[in-house]
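Chain naming follows the written order as A, B and C, and within any one chain the residues start at number 1.
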Amino acid sequence: MTSRNSSDDRSSTLRHLVSIDDLTNEEILEIFAIADRISKDPSEFVSICPGQILASLFYEPSTRTRLSFESSMQRLGGGVISAADMRASSASKGESLADTVRVVSAYADVLVLRHPREGSANVAKRYARVPVVNAGDGSHEHPTQTLCDLYSLKVEKGRIEGLDVVLTGDLKYSRTIHSFVYALARFGANLVCAPQPGFEMPDYVIHRLKEQYRVEPHRVEMQDLSSIAPRMDAMYFTPERPHQLSLFTDIREVNVKKFDAVYVTRPQRERYSEAEKITNANAYFRVDRLALSGAKFRETVVLHPLPRVDELGYDLDEDPRSIYFQQAARGVPVRMAVIGMLLGKFNFPAAAVEPRARISARVRTTIECNNQNCITESERRYLNPEFVLASREPLCLRCVFCDAERVVEFVGCSSTRHYHAGASSEVNRIKAENLVAFATEEEAIAAGFTAAAIRGAGQTPA
Amino acid sequence: MTSRNSSDDRSSTLRHLVSIDDLTNEEILEIFAIADRISKDPSEFVSICPGQILASLFYEPSTRTRLSFESSMQRLGGGVISAADMRASSASKGESLADTVRVVSAYADVLVLRHPREGSANVAKRYARVPVVNAGDGSHEHPTQTLCDLYSLKVEKGRIEGLDVVLTGDLKYSRTIHSFVYALARFGANLVCAPQPGFEMPDYVIHRLKEQYRVEPHRVEMQDLSSIAPRMDAMYFTPERPHQLSLFTDIREVNVKKFDAVYVTRPQRERYSEAEKITNANAYFRVDRLALSGAKFRETVVLHPLPRVDELGYDLDEDPRSIYFQQAARGVPVRMAVIGMLLGKFNFPAAAVEPRARISARVRTTIECNNQNCITESERRYLNPEFVLASREPLCLRCVFCDAERVVEFVGCSSTRHYHAGASSEVNRIKAENLVAFATEEEAIAAGFTAAAIRGAGQTPA
Amino acid sequence: MTSRNSSDDRSSTLRHLVSIDDLTNEEILEIFAIADRISKDPSEFVSICPGQILASLFYEPSTRTRLSFESSMQRLGGGVISAADMRASSASKGESLADTVRVVSAYADVLVLRHPREGSANVAKRYARVPVVNAGDGSHEHPTQTLCDLYSLKVEKGRIEGLDVVLTGDLKYSRTIHSFVYALARFGANLVCAPQPGFEMPDYVIHRLKEQYRVEPHRVEMQDLSSIAPRMDAMYFTPERPHQLSLFTDIREVNVKKFDAVYVTRPQRERYSEAEKITNANAYFRVDRLALSGAKFRETVVLHPLPRVDELGYDLDEDPRSIYFQQAARGVPVRMAVIGMLLGKFNFPAAAVEPRARISARVRTTIECNNQNCITESERRYLNPEFVLASREPLCLRCVFCDAERVVEFVGCSSTRHYHAGASSEVNRIKAENLVAFATEEEAIAAGFTAAAIRGAGQTPA
């Protein structure tokens, strides 16, 4: 089944930036170092990409992001070809994303993609002949935004490790928040989640924070935050390291002395359910001077990915703590560094570790991704679902395109040809390369598997 | 109240081009001198802006203007980032003009703005980190168009002073006409207004011609113009200078020997009232060879800002008097000169006088601009109305954003704490810095002012 | 009457690329030679157009074509100004194509035009001050697509002459097919037409193949093609040359040993009549691995202008015979060569013959083009119909804009002042410069012509 997607390997020597996880910590720090150099003396970089072209393919409008990339490429001396509204274009003649990417990437040296469907950038990187940069794929990832956020924090605070960062507002749908928390976790920051009630951080994000970054959540009461999040249940996430565990062993003891940063997000109303639209109509958090008047906010920098609606007071614009405009402005040096790195103008640091997604083995399966907004939904003509193993108990697969996870009901072992309930402890004993996942028992039987006998009858999965 | 707009000062060292009044006559002539050099040898200029970026922000489509700016920047060796339809973009997420300008100007070195609301470019220049060029803000200003018009006239006729320039068609709504007449007046040309009946030059324009440029209108009969304006009441405007007053002391003596130029404008139907649409449906002026067959038109050059509809005959296209295509073509060298000057590539002439708008003191007031299309209407969240004194009798304020003037009903003196009727002669005695303008008597009272006693009772405003 | 179009001559020293016929075979081969050099070492070409500008004017969306041109210009070191959706622009203010072209071409050094009406590029080249490249005008021509197609064939097969090329699918409406067959004919390839039933090659195309390129069609049965075109009547077209005529003297003997190429086209559904939509709803040809499994297809390269819908199997993507993505990629070097040539960066080969269209004399006439989609339909305000003589029996005129042909009912001789039926043999005796064509007898009479007397009565047309 995976043979149809065999172009996977063709471009394996190219580097792409689809997820912040495509970069090691060393690489991220190197990008920041280059961005520092660019900010100091941009003239040094104005002709490092002569005759090279960046292609912008935007399947939904995002002027800010598009202009930032296009400015970056031109500040490096390169050219830009730009499709600001791909919906009005070839797509209307029924063209697949794969075909568009194959053709347009032949006109360019780097491809920037914005697409409403999750996982689209992972599809693009399979078919592109050049590096792909994900400029936002649905609610999935927007790694250069995350790099700007992180870089701003580092520039303003001098470090990331150990910072206490408050995240407010819509923690459920905000793509930028999700990518940001993973990045903060990787660099050892502590997270204080102050969500809009009803828009808490999703379980799969918390799960990934625990599994992948060993970050532990604690439920806390935090009077200090009442001014900006009056009705919240704040959560404090801290990396699981000895010196910190000794400080925060009990929920009651969690006492942040000062907040280093507040990250504010707008309500992602375009993604709300009808019920959520009503809940959240009049009551969205607002961070303004008053909310930040407490002593613990004296040196807090205020970040926001912009555009804002009403969640961020205009009275903060002239406040020295507000750094959101600088944060946006830093999009150019950071993206210049990313583009230059992908085009081989700067060296990647030697310690580069293979990104997570590349080293996970595919799990054979007949199931489909159940994220309705996954790119596999709209590109079925040529794209098969693919999954890797997310966890064993219960057996859970992760879509290689959109990263959505799905618990599996029935699992077969290709060695014994037996199948088991996904939640069965037997599943733990099947080797990853022998796993076959089924959506229903019927499918397992249809595939020639038989129900496993009662454990102890001598049949052991291998 | 003005504190909210305090970013006013931040960018005060930057030069912007929002109005033709932002340039002194010397600067305009310097721009023309540079445009001459560019026309002669463009290769000299092809790499003076390496790695620099022009951002086009167009909130309404204007392909011609946009392409002209974008060509100009690239002919200087710079790059371009372009948002041809901002309405489809971030604005749809509710972003303010100020935020967009702040962010996008951080990606660029010069910002070109087209916006349907009057005064928008004046808002943009407050928040931009780079020079702003107004590429048309509603019916307000479009200074580079005016520069092209004036430059064409100068190139074709060798001078501007003393030329007799006929302005035909829609003199009411045409932004280009209004800017053009101020510019002609500054350089000492005489104006012959031949409006489409019902679409005469507005009073505030005539008022400004008189007040600011000392240009006197005379009502004249002019048989010579009957071919192009059969039903008009022509007006002749001439700078109030001794040698000319001696020529034209009486209306009957006005007798133009030859017309140096005719400036034709299309009907601005998109701005018409319903009644005006009916009036003007079938009867718009048409300037063609026949209309220009009289002896006085033998050396008349024909200008038109383009696009034309039917008001300009195609039979003029091959006529040597038609210069409208050259006028359009000159948009590139003129805009190259403007961009280069704003980016510091060329020196501004030493004699630069502070522009008018900068030196007027703000008048404290609670009133709002009553131009329904003023940018303060749509950007209330963060933008306060601001006014300067336009005239004393009657007391009249000018909106600092859109330049619309508004007569004031009640005026207070912050020194005596008394208020007066706006038309009262007492108002003349209040110092400008003590003036407080009120829309209603109630507002004056609410602000703690009391009605002035009868004059002579000893209370003198200071 | 032609005086209104007198700007025809102004730009006669400029070279344009409106039709593939604007280039001689030598020039086409030179373009391919330059494209080879570009593909080998693009860095040699990155700064040959500093400060020069390509303008893209697209009156219908075509992202792929636009991006390809814009990439090409920038890879040559030039700049780009781009109007991706001209329909939303000045055209909405009623501007003529001529005016737009005159103005925008003054901002640029080369103009690329895509327009839905046939003949629009021929209008553009009259008014442009710079070279015009036709990027598709309705169903008329798209010469750079043809160059890419031909170039791909030459690169893959090493030659064009004598190749057996199968053309499948919609041969009726596909602009790319029509241009391609003329080009193949010029270089001596053999054509095998395997049309979708109901979508056969139009008669006027076959007529032109015979008249202009001396290509003879033969009706053949070809079992070998049954897999890709089960219900077709295949046609085989071969240049009329001695060595080939000796091979294929009889229809029954036509036996192609192997197919060198298959050119697949998508159904041009946007151009279908209602009846055609029904006919072709479920039954369009599909070329996939199965269809190409016969021995004669072993070395067949598969071309497609893209985008595809369902007529081209995704299973071919990884097949070495598929070259459609390379064909698209070659759009950049080919267009770089074309732009460079038109801008005088490369020499045209000395043997350049005047293009066909330039050397045909105009025929005086009162008739109009009866192609409803001809550009003369929409630009009547300033554009007169113009025709050249297409053939004598029956007397047939060709529109100089859209190339549509029209049989003429009545013909006058300006020397004798007599008129004749268009099908009359008398017409053969009238000199081309004396021909006057009329749509009706009334028009001939109104123009002062009288019916010719019976032949033999002494009146001989001269």
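As a convention for this text, a contact is a pair of C-beta atoms (placed from the backbone, for glycine too) under 8 Å apart; a residue touches a chain by one contact, two chains touch by 3 or more.
This is a predicted model, so every value here is computed, not measured.
S.K.: Considering only chains that satisfy the touch condition with subunit A, which of them also satisfy it with subunit B?
M.R.: Neighbours common to subunit A and subunit B are C.
S.K.: At the place where copies subunit B and subunit C touch, is the share of residue numbers found on both sides over half (same) or under half (different)?
M.R.: Under half shared, hence different.
S.K.: Cα centroid separation between subunit B and subunit C, in whole Å?
M.R.: Comparing mean C-alpha positions, subunit C is 48 Å from subunit B.
S.K.: Can you list every residue of subunit C that touches 2 or more other chains, as numbers and ranges?
M.R.: Within subunit C, residues 80, 82, 84 contact more than one other chain.
S.K.: Can you name the residues of subunit B that touch subunit C in the complex?
M.R.: 42-43, 45-47, 61-64, 67-68, 70-71, 74-77, 80, 82, 84-85, 266, 306-309, 314, 317-318, 325, 328-329, 331-332
S.K.: Quick one: which bits of subunit A touch subunit C in the complex? Just the residue numbers, please.
M.R.: Residues 4, 6-7, 50-51, 53, 55, 79-84, 86, 88-90, 92-95, 99-100, 102-104, 106-108, 129, 381-382.
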